[in-house]
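The structures considered in this document are given below.
In the two complexes below, chain A is the common chain; its partner is chain B in one and chain C in the other.
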Partner chain A sequence: MWKEIERRESGKIRPHLFASRLKSRRVASMQLSNSKDIVSPHRGSINSLQVDLTEGRYLLSAASDASVAVYDVQQPQDYEGGGLIAKHKSILVLDKQHEEGHKYAVSSAVWYPIDTGLFITGSYDNSIKVWDTNTTQMVMNFKMPGKVYTTAMSPLATSHMLIAAGTEDVQVRLCDIASGAFAHTLSGHHDGVMTAQWSASNEWVLITGGCDGAIRFWDIRRAGCFRVLDQSHSQLGRRPPVLSRVTAKASTSKVLLGGQNTSAKTGMALRKLSYSNGTKQASAGKILAKTSSKQRLHPGMMSIRDRATAHYGAVTGLRVTEDGMYLLSTGSDSRLRLWDIKSGCNTLVNFETVRLQTNKAIQLAISPDSSHVFVPCMASVKAFDFWSGKTFMTFRGHYENVNCCWFSSRDQELYTAGNDRQILVWSPFVSQEMEEEAALDRDCWSD
Partner chain B sequence: MAPGRSRKRKIEDEEEEREAPPLASSGSAVDPDESLEQSLTFSDTLVALQIMRAQFPRIEKVSIKPFVLRSQLYSSVMDRTQVDRELETLRRAKTIRIFKLNTGQDDHAVMFLDDYINQIDSVVKKMEEKKLLNLEAFDWFKIHVIDTRLEPNISHDDLCSLLSLGGRVKEEHVTLLINGGVIVRQLIDPGMYWFAIPSIGSVLKGLSQGRKELLGLLSRKRYKEEMMATLEKKRLRLSPLDIRFHLRDLIGSGHLKTVSTPSGLVVRVSKD
Partner chain C sequence: MCMEEDGGKVRALIEKATNSTAGEVDPRLLKCIKSLVRYSNTELQIAAHTLMTLMKRNHSQVRFLSLHIVDELFMRSKLFRNLIIKNLDQLLTLSVGFRRNAPLPAPLGIASRLRAKAIEFLEKWNASFGIHYRQLRLGFDYLKNTLKFQFPDSQGNAARIQQERMEREIRTREIMQKKFSALKDNFTSIKEEVLSAIHEIEQCLDIVHTRDELVPLTHIDDEDELHSHELLQIRLASLKEGGRVHENKDNKVVFDTIRELYKLLVTKHLPLIQESINIVVRVDAIDSKVRDSTLKELINLQNKIHAGKRRCENSVSDVLVSRSHSEEEEDFWEEEKVGEVEESTRKTPEEHSDDISLLSICMLNDNSLRCSEKDFSINRNPGCAFVANGSDSMKRKLLAEAPVVKWGSYLDNWGSKDVVLANQRGLELENHWGRVDYDAVIPADKISELNVQATLYKEKQVIAVPCGAPLRSGSFCQRRDLKVCPFHGPIIPRDSEGRPVNQVSSADKRVQYPPNDFVKKLAEESVKNVRTRDREEEEKRMVGKQALKRAKLAKIREHNEVVLRDATFASTSSSATNGGLRYFNGGGESSECSKKHTLSSMLRKKVTRKDKLSRRLLNTRATDAATRQLAEQEDQCYREAFPNQW
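And then the complex of A and B:
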């Protein structure tokens, strides 16, 4: 470590490289924190965790007993163990006693991305509430047609303030904070929507994963989704080769996605462009299939007919990498898949997951330099290497299934929470040197 | 008889060393007319597939061509991502075909295309003996559908349009294909047909029961582990497939793990 500092000082290594080496060394030594403890007031399993994006200081957690709590993870309230263990208690708790609190389980709680003055909670009592943090008052209430599974706000948005809500209804709803009404709905899924994430590169693109196993990309300015991820489209590597040809797969007739359909106006001829990178031979002759239903659909809504699935089961977790290039998804088929967003292909990286929980949504975390993925696997959290899929570390500490985890890149700390109502902190190992003060005489015989 | 019987090794290089020479002489799935250029280099996955195909157990009552489960490949090749990618390349080159099985969540069976065609032919022969009609559906299936559709599933409309390249398609043709076992319907999705291996039903039942039996056998032990040398001599009661098949499958899917000890490999039930 001192050698590295010396080299940085003399200019042999660049500052960014120095910082990233230090961070990766710290991540490799992560274990259950022996100096930090978060005291959780929840009486039910914890469903979501989020640290605010602006300061990285406040942790928001949502639990199944309709309670939501905020903790300060940098300043402890109390010290224990002779000043060695910092106790972080909740600075704000909202539960059933609050007159506008939720009645049933809160499935997701997210901070307003611009500052920590507002946060948004979505619950199984069919409502999404926007709260003012300082006065702990509800500012807005949106009524949903079904249980809310997920809420998301875009961290890049400068021209809209929309909350994307995924419920057990097949439509994804966008709620506008500025006006207090629903902006519009996105249809295309065939079953409830369990996860939603906004794109990290475009403020208008939303990615949702449904219980029907499909992952859809929506541009909210247009109708219908512009891409559905299909697990059989794959590419063998990080990026598709530069000279990949877009071949018209003429032998199968499938729905063309988005607004690229030239003859969509008649609704009779459907063609599909496939982005696969193998040497596919285009068979002679094009086959035009007549649509069986005579209903004329808007060209943007053609994507409803596309039944491609990304997982053999429900999609239970989604996460976009910080550079916006790759998407990770987990499914109830206990598989974790890595997708290249630009080409829409499965990169076929095999993560060694044996079992993942299937009935609830899980929250994954990715380290900012896209080197590790943290996935809750039943009662432990596993860290995988991003590109080889090998298990890097396993964090065992929870007594029951883990539902959510959040990686804080400022301090290289991982916060995990699950059905055992605890929030555990995993931080890089720092050896506690025993203080050399005069130890108190603790003998109990007379001197 | 089969090479490598005495000691099962999970290190893939040593398997290759021992198995490759006898395999080259038997020439299981290698076309003798293939030029040296095409068969000069092997991928690890291809060698593993050929080894396991040669080790497929003989079942008396059912005539079924060898197939390999995907989890078995994971247990023998070190890098899983490489297995996935090589399977994808082989699938696109039409050397193998991948089928989704309905035992468990993510089971896939890999079969060489030649074996699959032979299996279909044997089904057709059986049907001819029973004097059933409309058997040209199988020919259309072999020529048009299998060649073009490489994914494990196909929708009803696509199937009809592809079969109609051979002749006029009637409902009876599709019914015949389902009765023959080359296409099945799965409950998750009503509009989709999945490709299947004919007459595999009893083997699949044996597969799931054998898995349960083997896991139960090990879980009942005091320390939930057993030496691989003693384990591989056992015979499973409920499954026609041999124990080596099940061991590879369970190790690859993560339910069992192997630990190397001074006296050999030990198989242990993995707790997650």
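And then the complex of A and C:
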């Protein structure tokens, strides 16, 4: 630690590297926080957790007892045990008592990505509601055709304010907050839609996972989906095998293991170019060729492509990495799959999952440097190494199934919640102990 | 290498401690484990690991004992806490068994005990270390609020008990205050009363002493002759006796007053003063000055009473009592039992020999009464109680009517209308039947109902009168039979010459009868005699038979007892020796003695009567036979009903 600081002081390591090293060390030392206690007012299982994207301060949770609560995770309201335990109480609760509250379980709650003045909740009572945080009043209500499983808003959208809603219905609907109407209806899934995620690199790309086991990519500017992920369509390693003539001299192992930063950057640039609605440039030859080949496919072939599945059974969770290059999905086949978005291939990383919850959508979390993924595995949360799939840590503390987790990159804290109605905070281990703790909690050998 | 060896030791110890059927861990093994683990972190880690693996064992007894060890170490070592906390959910699953897919294993009774203990331990841990371990809080919260387990809530209970005690104390203090103020109000009157009584006694004693010329205490100093201790004692006693005043006709009135006053002093004033002292001591001092002065005066009074009493007793009472025993006086006076007990020094040997437990409240000072119940008074303890002179006839009459009751503690509150506090008998009763209501009251009528004495019917003692029939030798028959003398027929009252008193009339009758009638009568009598003899013989035979039977039974019983005694002796001796040996045997060599009680034997299901029956009745052969029989019966019926159909 001090050596690092010294090296940073002397300029031997760059600030970014220093910060990332510190963060990764903190992540590696995460454990159940004793001093931070979130007092959950929920009386049913918690289905969704999200810390707001602007301040990183307000945690939003939604539970099966039709309640939604907001907590301040930075400022505790109360202390207990002589200042040892900071109690974070809910600063806002919306439940059935609220006259506009949901009637049935709230399946998802997300913050409006631009500020904390709004949040969106989707519920099993067939509605999506938009709430004003400050007045705790409903500002908009969307009637949906069935139970709402998921809602999502694009964190980088600048030109639209669309809520992607996955419901029991086979169609994915896009609800426009600006107009209060459905902007799109995306049809293609054969069953209900469990999860939806907006692309982290392109504001118009939506990724949905359905109960039919398919993960579909939609470009909301045009009709139909433009990609269906196929679990049998795989590649080894992180990158697709680059054409031999390009990488004739470059060693493949180097591509596989090192230099991820540079390649990631180029990849992102490439994809952005390809997705932009400008003229397709010749420099993006590979992708161009792929899309064109897809367009040239035989209609019969099309339908076969359309039937491809990413998981056996339903897709229960989706998560895009922060750089937008990889997609992680979980299915009711208890598998965790890592997809390369650019090529649309299964990277065949073998995650050592034991069992996953199958009947409910689960919420994954990925650390910002894409080194770890946090997956709720029944009553515990497991952290896997992103690239090798090895179990990195196991967070055991819940007494019933965990439904959701959220990694707060600001404090390197992990919030997890599940059927036992508790919200647990996993924070980096602080080595220095308080005086009174040492005084009270110590060995006591009387005999 | 050394570390591993040590670790093995701890593991072996823990395994040995948990491999037992006892209800708790052997304290010596536990101590061993603790002392081993205390000085080495590696061993502690090994212990934690071993305990967790043992907790997974599919046997509730092993889990139960392991949990005990876990608790012992958990309360002591921080490192152990940290190690266990990491797997707390697992530990709880294995000990509480709250997950449906992982219920507690086999011996059901022990499993439920394990669960109860685990819950108790969790509560204890949470109370003491919950602040430091979120996992503990979580587990506790989950079991309590989600699964709604009933926790013993020992802390809350303790607080509640404390509060109840406080309330009770406040109440008693209030009562004390009240009593104290009442005492303060009438303290002067009590004091005057007591003082006057003492004064009177002194005066009376003075009178007695002056009237009786004192026997001079001539102390003869010839101790050389009195070698033995007993002789010396006797002599001293006699000397002391000489110092006492004897009652005679002259000073009888004075003695009576002394007695009355003494009784008053002992029964009324002394307890009163003692109680007041008690109150003053226990009351909370508002003005300690008043309290102190009152206390001082009270103690003075008490001392005075004691002094007066002692003086009284020393000079007078003993003599009185002893004399009342020896002679039949018109009125004799009885020493209060309280005084006797308190003043053990003045007990004479003769009093010791008396059975003082038997006292009577009813006195026999009346001559006529005494005559009728003479034997009764003899049977009774000579140290009988007596109340008053009984000069008035009304009292006498009442006394004559009064029932004679056995002495008992219930006489202490004879006829009192006080209620009794049921739960304030001065000892804290720790029972498990629920909370104790300290204000519970037993009403007076209930008390009297409870004190009703069962009276046993006692057969009147029949005095067999001598037969008294004249014998040939001129004397009278001295046989004492109840009804019939075997030689002279039924016993009847006779006069001094042996002639029956009532037979006169019969003799008269006899005169009236003609002679043939007389013969008839004789024959009748003889027949009757024969019959009675027969009957008697039969009775005798019956009695003999019964006695025989009884003897046989007694023999059988004796035999049974002997057998039983032998059996118990054998079992206890073997178990005692083996049980003693078991501890000293090394690790697994205890197989032969623990054949009866092993962990696996606990798992085995007990064969109940029902099982045996079902084995008998539900096996295939039996069921087959039953069905066959039923079918045959049906067949038979059918054939009988329709004989022409086949």
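By our rule, the second predicted complex is superposed on the first by the 370 of 447 C-alpha atoms of A that agree within 3 Å, B and C clash if a C-alpha of one lies under 4 Å from a C-alpha of the other, contacts with A are read in each partner's own complex, and residues count from 1 in each chain.
One rule holds for everything that comes next: a contact is a pair of C-beta atoms (placed from the backbone, for glycine too) under 8 Å apart; a residue touches a chain by one contact, two chains touch by 3 or more.
Treat the numbers as computed from the prediction; the structure is a model and nothing was measured.
Contacts of A:174 after superposition: neither chain B nor chain C is touched. Touch criterion not met for A:28: it reaches neither chain B nor chain C.
Shared-chain residue A:13: touches no atom of chain B or chain C.
Of the two partner chains placed around the shared chain by superposition, chain B is the only one that A:355 touches, whereas chain C remains out of contact. Touch criterion not met for A:157: it reaches neither chain B nor chain C.
Judged by the touch definition given at the top, the superposed model places A:388 against chain B, while chain C stays out of reach.
In the overlay built on the shared chain, the residue A:37 is in contact with chain C alone; chain B does not reach it. Applying the stated contact rule after C-alpha superposition, one finds that A:424 touches chain C and leaves chain B untouched.
Of the two partner chains, neither chain B nor chain C is touched by A:92. 379 are the residues of chain A that lie in the contact sets of both chain B and chain C, per the superposition on chain A. Against chain A, the residues of chain B that register as touching in their complex are 74, 79-81, 83-85, 88-89, 92, 100, 105-106, 148-149, 151-152, 155, 157-158, 161-162, 188-189, 191-192, 253-255, 270, 272. Of all residues in chain C, those touching chain A in their complex are 31, 34, 38, 75-79, 81, 86-87, 89, 129, 131-135, 138-139, 141-142, 146.
On the chain A side of its complex with chain C, the touching residues are 32-34, 37, 80-82, 84-85, 379, 396-400, 420-422, 424, 437, 440-447.
On chain A, the positions that touch chain B within their shared complex are 232, 234, 236-237, 251-253, 278-280, 283, 287, 289, 292, 307, 312-313, 332-335, 348-350, 352, 354-355, 377-380, 387-389.
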